[in-house]
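The following pair of complexes shares a single chain, chain A, combined with chain B in the former and chain C in the latter.
Up next, the complex of A and B:
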């Protein structure tokens, strides 16, 4: 029983991390039909910005409790500066091209941003561990967990719920849904599609940067941080269905729980279990769990 | 007659030119390919210190500023020219880069490789291209156990030394240990490290129980579930050969969860993180440095010079990756100059350098290195372990125990696993 509780808790924590990292990817694909490989770079940039800004402020005497706000602020800074710059400066000129071409362009952006990270921060690791242990810890089933993990879960729930609420309960969200369903008709109806693209890309990038910023206190922030994340994020959104918000949530929960159960009960299989789940889902639902077959437009 | 004079003059001129050509050839620079991680998670803790070590060692050798017995400039008087390559990108990339080094850059010798995966991939290619290749850090014992190599050498000990040394240290530290657990990366280095440690512990403690062996993938970064299983294991001893950013992430995540309080944690490569994360590592964690390096380095003139020179240049003490890089360069220099001496002072051929390298004994900043196993291609050194202890807020190691090379390395021609299973018999 004790182990089962641990499986669930570890699974939820991992799912929360995965969801925050992946949900921006699915949002951008859903609206813009772009498989954004540079998503991993925004995650890494969020982590680097959080580690360096929070580290500098803490060294300058900032009360440690404010570091959580600084993590969020750092992610916002990354997204607001780079999101519109990349979307308006590069991607908008490519929308007419094939999806595969845009995929390659985002891959190129990923490589460029990886080098930009090395130019700015070098290759030495950055640490901002204070926020992780600051709130203390709680015990469950003879295991100790820092309260910080609850913050991660809270951030994931806030991101998911906020996004769902925006999409379904606000005028902006409904306009965005119209853009998702049919860009051409939306444009004909007077919706400024370009602006929606820019806002969506920036918001999706913000979600990635938040993922990186709130992960920074638990890891060594080093070059290549975004590589692993982008691979896992793709797995999650493919399981759920590309472009589906509930799909990303369910995909993250499935991957998180299956990985956690494997580590606890069959650690030898941990290496491939995520991809096994993905393969099984795709075998039965080639478009993912939440995507319906689409009639071909003629 | 005039033709004869011309012929004599030509022969005389040619004869005069021969020594000049020989001198020019001897003085030609030796191109050394240096391969280490310059990007990715291993760059900061391993690759960059190793690159710095290569830069400073080659610079000092070229300037003739290294203490005896390495005070001759370069290799046998010939200047060294470094060609630096990034080790990141995976084995396939590294094989291509190696071919580029040999076939495009025409290097005379390649010194490098941190990842065991890289070494396993490069060794057969080095053999195919007949290029003297010296591995400076990678640890998997498989390289010289699975086949013989003529052109490949490794001047650092294998993971077997780390694992056997760790088990012997545990024997003294926790003589009543009953349960062990492991957290190692799922590739050659992690698997071999855990395999040797588990076997050694079973030899030393026949009734030892293995609670769990966790093998997350390299660069996974998130270890909450693994840490839960280790906490649940309630093991007396937890062994981890984690390195790079993974080691640092594990320390950051395990500390607040009380893992270091619940079990004795053995970090076989912990030296690379112990200063950076000094405030996150509590007292009592067993720290290894993959040999007598860093805090375990001997108090000899070479080490005093090396650590002071490195510290002056880079404002940090050299870690074990830096020691091992310098050790590899000095070992190659020792072999080169031994071959050159045997060749009447002329630049030796690569075959002559190889003959001199086999079974060579030389001294590095970490002490004596003997190319004693792997048919003279694999080094053995002593090793040391200790536990972390903060003294005046500064991280140190206490309760240090040293293990002679023969105690922690298998004899020549015997596979590490067989040697351990046979009760470490010589």
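Up next, the complex of A and C:
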């Protein structure tokens, strides 16, 4: 019983983390049809920026409670500086190319950003543990969990709900849906498609950076941090269906629960079970759970 | 029609490697052998790329080839370099034959993602299998040539000679294959699959065959890499390795069977030089090179050799 509770709670926390890390990927794919390998770099950049900025401010005497705002601010900084730069500077010249070619371009960007991180922050690990322990912890069925995990769950819910609300309830969201549905007609109707692409890319990158920033207090921030996140978030969004918001949420919950269950009951299978789920879903629903098969073009 | 010069160029390259090999210093022989191993994998990816498919999981077969070679040495104490490479090739091809039934139905980004999933499954299995050394992997015995163990200073050259001969045969066969009806279907499949089927050919069957050939070449490369490096570990199946292979293939272009080997050689060259000059920015140099090739040479480096002629 206790183990089952642990499985569910660990699973929820892990799902929340996965959702924040992956939802930006599905957003960018849904709007721009770019499978962004550099997504993991934004995650790592968010973590580095959060750890170094919050660390410096805390050492300078900032009240620890403010560190949560600083984590968010660091993520914003990363996304606002690099998002428009990459989209306007490189990606917008590539939209006419094949999906697979654009994927390779983001792979090249990933390689470049990996070294940018090393140039800025060096190769030594960064630690920022204060925000993690600050709020104390709570007990569930004799298991102790830091309250910080609830913040992660809260961030995930806020991101998901915020995105869903923006897409379905605001004018911007409806315009964006029009862009997704038919880029050329939207452009003809006077929508500034280029600006929507830039904002979407920046916002998707922001979500990755937030994922990294709020993970930074729970890990040591080292080079190569984003490498695993890339394949994990690919798995999450592919399971749900590329470009689908509810799909990303469902994918995160499935992967989160499956992984926490295997960690508790069958630790040998921990790593491969995620990709097994991904392969199974693709085998039976080739476009993911929330996407219908496309008719072949003649 | 112009006479086909490719076999002669391949033969000349082989002759140069065999003649110069014994005099080349070790720091040249080793990266060249590794480049041949990676070139074999890229040759397979090129076959797939010609029909518009990009596999982000080719490291699966590279790793299968390497582990097959390693296991043969460990369990049966086999160490013939040709035996190991061919065994790696056979196991990789058999695996691809089975997975191919599923994968041949996928196109575009989903083909890449499903092959990525398979390679990550294999990675996850290897990492957790302690008898195979988990993340550390294990060492592979030094290899022999037809049962003769070369003297220590000749081992590297023996492997290089074996590698270049095998690569020569593989490249020739692929060159022939690309000119068969099944091989020349590739651009048609890339352009319009339904028309291919109206002509009476099966795109799915053609892709399945290409997928098995690509895997066989990757297994061959993996077996070669295992005997060259003398050590194997699960990282060989990780997605970054697959990314490297796709990188080489794009860098090289799909114009000719020589291109993947040239691409692999240039890739290893850039990497070794960049790593020696500035260890913290070699990935940036590689990424920049990839961006430059995609932007300025959409058909890869090989298009430099074909200037003025229709590609």
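We adopt the following convention: the second predicted complex is superposed on the first by the 294 of 298 C-alpha atoms of A that agree within 3 Å, B and C clash if a C-alpha of one lies under 4 Å from a C-alpha of the other, contacts with A are read in each partner's own complex, and residues count from 1 in each chain.
Methods note: contacts are C-beta pairs under 8 Å (C-beta built on N, C-alpha and C of every residue); 3 or more make two chains touch, one makes a residue touch a chain.
Quantities reported herein were computed from a predicted structural model and do not represent experimental measurements.
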Task: In the overlay, answer first, second, both or neither for which of chain B and chain C A:236 touches.
output: neither
Task: State whether A:145 touches chain B only (first), chain C only (second), both chains, or neither.
output: first
Message: Going by the contact rule set out at the top, does A:6 touch chain B (first), chain C (second), both, or neither?
response: first
Query: If you stack the two complexes on chain A, which partner ends up touching A:248: first (chain B), second (chain C), both, or neither?
result: neither
Message: Per the contact definition in the header, classify A:271: touching chain B only (first), chain C only (second), both, or neither.
response: both
Message: Going by the contact rule set out at the top, does A:34 touch chain B (first), chain C (second), both, or neither?
response: neither
- prompt: Looking at the overlay, does A:78 come into contact with chain B only (first), chain C only (second), both, or neither?
  reply: neither
Message: Touch test for A:133: chain B only (first), chain C only (second), both, or neither?
response: first
Query: Is A:218 in contact with chain B, with chain C, with both, or with neither (first, second, both, neither)?
result: first
- prompt: Do any residues of chain A touch both chain B and chain C, and if so, which are they?
  reply: 114, 118, 123, 227, 267-268, 270-271
Message: If we count contacts the way the header does, which residues on chain A are in touch with chain B in the complex?
response: 2-3, 6-7, 9-11, 13-14, 17, 114, 118, 123-125, 127, 129, 132-133, 137, 142-146, 148-149, 215, 217-220, 222-225, 227-228, 259-260, 263-264, 267-268, 270-271
Query: How about chain A: which of its residues touch chain C in the complex?
result: 35, 37, 90, 93, 98-101, 103-105, 107-112, 114-116, 118-119, 123, 227, 230-231, 234-235, 238, 242, 267-276, 278-279, 282-283, 286-287, 296-298
Message: Show me the residue ranges of chain C that touch chain A in the complex, using the header's touch definition.
response: 52, 54, 102, 105-106, 108-110, 112-114, 116-118, 120-125, 127-128, 192-194, 239-240, 243, 246-247, 250, 280-284, 286-288, 290-291, 294-295
- prompt: Any idea which chain B residues touch chain A in the complex?
  reply: 38-41, 43-45, 47-48, 88, 186, 212-217, 219-222, 224-226, 228-229, 231-232, 244-245, 248-249, 252-253, 255-258, 276-277, 280
